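After this come two complexes, each holding chain A, first together with chain B and then together with chain C.
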Partner chain A sequence: MTSVDERVLAAQPPAPANTRPRRRRGKPLSPLLVAFVLVPFAVESIWVFWPALQGFWFSLTRWDGLEPPTYIGFDNYAELAGDATFRGALINTVLWLVLFGGLSVIGGFGMALILQRERRGVGFYRAALFTPVVFSLVVTALVWRVFYQPDGVADELLRAVGLEHLIRPWLADPETALYAVILPALWRQIGYVMVLYLAGLKAIDPALHEAAKMDGANNWQRLRNVTIPQLKGVNAVVLSVIVIDSLRSFDIVWSLTKGGPYHSSELLSTYMYSTAFQSLRLGYASAIAVVIFVLALAVILGYLVRAFREDA
Partner chain B sequence: MIRALRTGTFHLGMGLLSLLWLAPILWVVIMSTRTFDDIAANGVGSLPHSFTLDTYSQAWTDGGELRALINSMLVTVPSVALSLVLAALAAFALSRYRIPGRRTILLLMLAGNLLPPQILLIPVSKFSELTGTFDTLYALIAVQVGFGLGFYTFVLHGFMRDLPNEIQEAATIDGAGPGQIFARVILPLTRPALAALGALSFTWIFNDLLWAITVLRTDDNMPVTPALLALQGQFVSSWNVIAAGTVIAAVPTLLVFLRFQRHFVSGLAIGAVK
Partner chain C sequence: MNDFDPSRRRFLGHVGLAGLGVLGAGSLVGCASSASSPSGSGNSAITLQSNLSSPQAKVAMEKIIENFNKQGKGAASLNTVASETFRTQLPTYLTSANPPDLYTWYAGSVANDYASKNLLLDVSDVWQGMADYPESLRTLSTDAAGKKVFVPMNNYWWGFFYRKSNFAKWGVQEPKNWAEFVTLCQTLQSKGVPPIGIGLGDTPWVASAWFDYLNIRINGAPFHRELLAGKQRFDDPKVKAVFTKWREVLPYFDPKGKAYPFQEATTALLAGKTGMFLIGTFFADAAPKDALGDLDFFRFPIIDPAVPLAEEAPTDGFFASAKSANPAGTKALLTYLSSVEAQEAYVAASAGIVLPANPKAKASDSPLVAKGKAMLESAQELTQFFNRDSSDALQPTADTALTKFIDKPDQIDAILREWQAGAEKVFKG
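On to the complex of A and B.
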């Protein structure tokens, strides 16, 4: 059982260049094999690559979805620069990236460290933290809506500890809406990040820890000098997952606040969606989508470049 | 002595945290069994003073959850099957044969999956209008397959590449072509990875909201996730019915998770150590 699991865990990126030669020299490539590659590639091209290129093109147009799009150059981007709602959504997205991303990494990594050792009860605790991952964000949102309702669980709890003066309409107050949305998102993400780190911790060679122990390293030193450096690969994956998830985050905000009140919990993704499908400004919405794309690319590339430099 | 104390602290702390983590879910389950009058009189935050299961039949029939669940299954099952078949074929050819440009193709396919979906929404919705599939489940299946393929291919490629070469050579000597080698040799050995991806993609596709509300319009066509949002508008302040609807929407993925727990978790972890 474990050997199979380990093999799944060890799924590696493409080996550099020398994928083992299997075709005998001179033998033509079987048309069947070509079809094996081309059919899936064509499906992805139709539904992903071609639309992505179109997305860039649409961002240079004015378009209401009925008339054909008119080319307007970079006017949409110029308008974005002066759009206060867009700026607010951009700031919220960055806040979301830092808070949701940062806290889920800290929480997930902490939980993985605490729960890494196989001992009695650990399976239950892992499962408890992990359960929310199974639900959709819409389900998560509705679960938490109960929590935030006027006279809901949050208010009852505050009343019970004598802090009723803090009570407010959590989701309807522009001051708190964004944070009230981040909390359920975190509730779900921490378990996910924990699983990623648990897998990473499991892959560390125990001999490294043994050696450090022999050298008299304490727990903290071993964490800093053995565990964390060994998790470099996992960190890269977690970072990509977090960045991509943050920029994609839509479901939870849409189900809880739709970006309101007064755009106070607006993210780039919700602003893009409402601009496209409610205001029917398809060209302008495409420009927002391009910004999301560029941000995702910038953060991931930025991280990769740094990671490579450290290696060199 | 100190060890016992530390173990005790660990279990106490983690026990409380686990309870805290599960509390919102338990609360919703409890709430789904309360009557409307109870909630109106005592508030959503109070402990239950009543018990009923009518909420479930209301969500199930009046709220349209039955229809929505059928739609979800009609989308999820074919999408999972199709994506895994196509991804397995591509991964097989790319990992076991010298296809020219195979690394570029693989990385390109993975990159496609990493694109933020926002950039695809408008073109995909327009394209489905163009092909006459807008507001049909076919459009949703197609986009789910297209969007997931890159990641599934990437993971299966990593798995298939590490399978031993000897069995394939033996089959080649016996005169088996690529089709037979795929179906009889490689695919059976790939089953653990397929199970992991199957469990994972089931929940992803079943839980999706964004693609569904992009290519579908009619309420009757909506899968569970968007239907659950609509239920909120339909049963404003009937928190017990909304809670029952939420429980119903969560059950299928919970069942898949419980049944395939091991595969599910290892599937998620594929990302971590890749």
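On to the complex of A and C.
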């Protein structure tokens, strides 16, 4: 959740423009300050930067984890280009980003709007919607597996409303597996996004709404012209959270389908994992990891560039 | 002592969580790290790294190690690791500077693969005291260079399991050959029972048993081994013949079996919701004790009587690291583990239906075990299981191909082409 913290920091009001920067020429830096910069940097270098660089190096090798890696240039990437499973996983990841991301924003925002006003019992509903966030996704997966199993709750529900012709092995049918996995992920994410939006809605100055009301704006107009523009800062937080959560989605898919049946619910993350630790093709898996990294970087950089341009 | 404990498989998810950072790239490096400083002394304590993490098996192993330590031939300690962690970490253990001495694992191509990279200790001395072990196990424990690298502990068998009371109720009997098997399926179907249970939900590897058996019944065990070693092609017409045969009984599979794991398929079988189930004896771990007396099995029906009879008998046991700091102590422990005393202690304490590798050791006393033992003894060849005869790396290619075939049998030509392409990538590395 570092991105949230960063946004919170970025949202701090800028320092007043008339204070002049203090000159510190000749004054030695405090050793404590230097330590605060260098120690975390050293730690990050060992546990983050170096492994990431190493990961890139491994992506240029063939490696089974046993014998030393052999350098093969960009062969892994060439193979990725022609790998149908990889292409499927890439499409699924984009689909996941759009569906999981889009629906959790819409759902979370909707819930926040409904539950923003203080009424009796509203705390209970907020807590109830947030509860799924508390469970680990692996536990969530176990619960949903029971829901989806043959003759499970999902099938019983369909039968009760006379739709038994729709019943199918939800997680074992390549047509439905991916969507059946998105649902529990959404179930969890909506509560989280709702909390972010609730905080945003609380921060809007009620005077703005009152003024709009005085001008004769109806509910819809106030939502469009007052609420949504005021939520710009929160939107940015939600967007980055969603993108990062989508790209690192792994646990729920792995626990429910392991990317199957026959790769139909495969995401880039699950494909990377199975290639690395089941097929023991660590070089090829590193190449997939690099692609995930580049995708994440592209999305985040794209966003940062836009954010800077708007600020300027 | 089976490799496919469900809870261990599920552990994959947790390992994945731990290993997967946002950026992914860093996580792969975890495998490369090697452990601690080397130790010098020649008679240091021996570490046995064990994946037998189910409660009964763990207690059994602890007891065995305790007994060994009492004998005063060395000091050993047991380190039990969850099976999935063990599997992914094994290469790291073996290649580290100061590895654990002894490991539980599989015989055959798995051990052979490590031996070819000079990672395993030559345990030929231990085998000198194992003269009465059968030839099949001796061959299985020998690497390509002729060294013994493995000491077997026990094995188990696969078969069509069914409930005696249900077969009596439905008025059907064990089939002897393929034609009788198909008739049996038709009879059960006509009685409204899905004849063949299967559980592919979380455990798609169960389908590999069907592939293994059809292939060893139609093309024979030598072809099967060559295929799994990459010396034959999956798009060969001989492999297609396997699927042509399989298609004859595909309509008799329980349609729900695609969605649930083998443990639930076991429950369905015991509840009489399916007729029979091709599975290994480890499924009994998930069966209530009172149902065990009602269980029986028959061997996979013979298809071509001219093909020498082979059965699947996955063998579990031990191999040692070539870099062990105390080879003499490790061999002393291996010698103890191959003894009647140790193996009987394991069989008595463990939950599954297993057969001790030592021919003098007594298996547990039940008609089912006697029948299983007799079936393996009458076989001319023993195979292990798909991933043990090939590699863990090839298993996902089989899972994809076989579950797709069960879903879309019409696409068999494309499926076999994809399988061959996938297998080539694995063999290429």
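Basically, the second predicted complex is superposed on the first by the 263 of 312 C-alpha atoms of A that agree within 3 Å, B and C clash if a C-alpha of one lies under 4 Å from a C-alpha of the other, contacts with A are read in each partner's own complex, and residues count from 1 in each chain.
In this section, a contact is a pair of C-beta atoms (placed from the backbone, for glycine too) under 8 Å apart; a residue touches a chain by one contact, two chains touch by 3 or more.
Remember, it's a predicted structure, so these values are computed and weren't measured experimentally.
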Partner chain(s) touched by A:273 [first = chain B, second = chain C, both, neither]: both
Which of chain B and chain C A:139 touches, first, second, both or neither: first
Partner chain(s) touched by A:58 [first = chain B, second = chain C, both, neither]: both
Touching partner for A:281 - first (chain B), second (chain C), both, neither: second
Touching partner for A:66 - first (chain B), second (chain C), both, neither: second
When both partners are placed on the shared chain, which of chain B and chain C touches more of chain A: B
First (chain B), second (chain C), both or neither touched by A:290: both
Partner chain(s) touched by A:164 [first = chain B, second = chain C, both, neither]: neither
Which of chain B and chain C A:187 touches, first, second, both or neither: first
First (chain B), second (chain C), both or neither touched by A:215: neither
Shared chain A contacts, counted only where both chain B and chain C touch the same residue: 47-48, 51-52, 54-56, 58, 65, 138, 149, 151, 244, 247-248, 250-251, 254-255, 269, 272-273, 276-277, 282, 285-286, 288-290, 292-293, 296
Contacting residues of chain A [partner chain B, same complex]: 4-5, 7-15, 17, 19-23, 29-30, 32-34, 36-37, 39-41, 43-44, 46-52, 54-56, 58, 65, 114-115, 121, 124-125, 127-139, 142-144, 146-147, 149, 151-156, 187, 192, 195-200, 203, 233-234, 237-238, 240-241, 244, 247-248, 250-251, 254-255, 268-269, 272-273, 276-277, 282, 285-286, 288-290, 292-293, 296, 300
Chain C partner contacts - residues on chain A that touch it in the complex: 47-48, 51-52, 54-56, 58, 62-67, 79, 138, 141, 148-151, 169-172, 174, 244, 247-248, 250-251, 254-255, 258, 260-263, 269, 272-274, 276-282, 284-286, 288-290, 292-293, 296
Interfacial residue positions of chain C with respect to chain A in the complex: 10, 12-17, 19-29, 31-32, 88, 91-92, 94-95, 114, 117, 119, 200-202, 204, 255-256, 258-260, 264, 391-393, 395-396, 399-401, 403-404, 407, 425-426, 428-429
Chain B residues touching chain A - in the complex, by the definition given at the top: 10-11, 14-15, 17-19, 21-22, 24-25, 27-28, 31, 43-46, 86-87, 89-90, 92-100, 102-103, 105-109, 112-127, 142-143, 145-147, 149-150, 153, 155, 157-159, 161-162, 165, 168, 177-179, 182, 192-193, 196, 203, 206-210, 213-214, 225-226, 228-229, 232, 239, 242-243, 245-246, 249-250, 253-254, 257, 261-262, 264-274
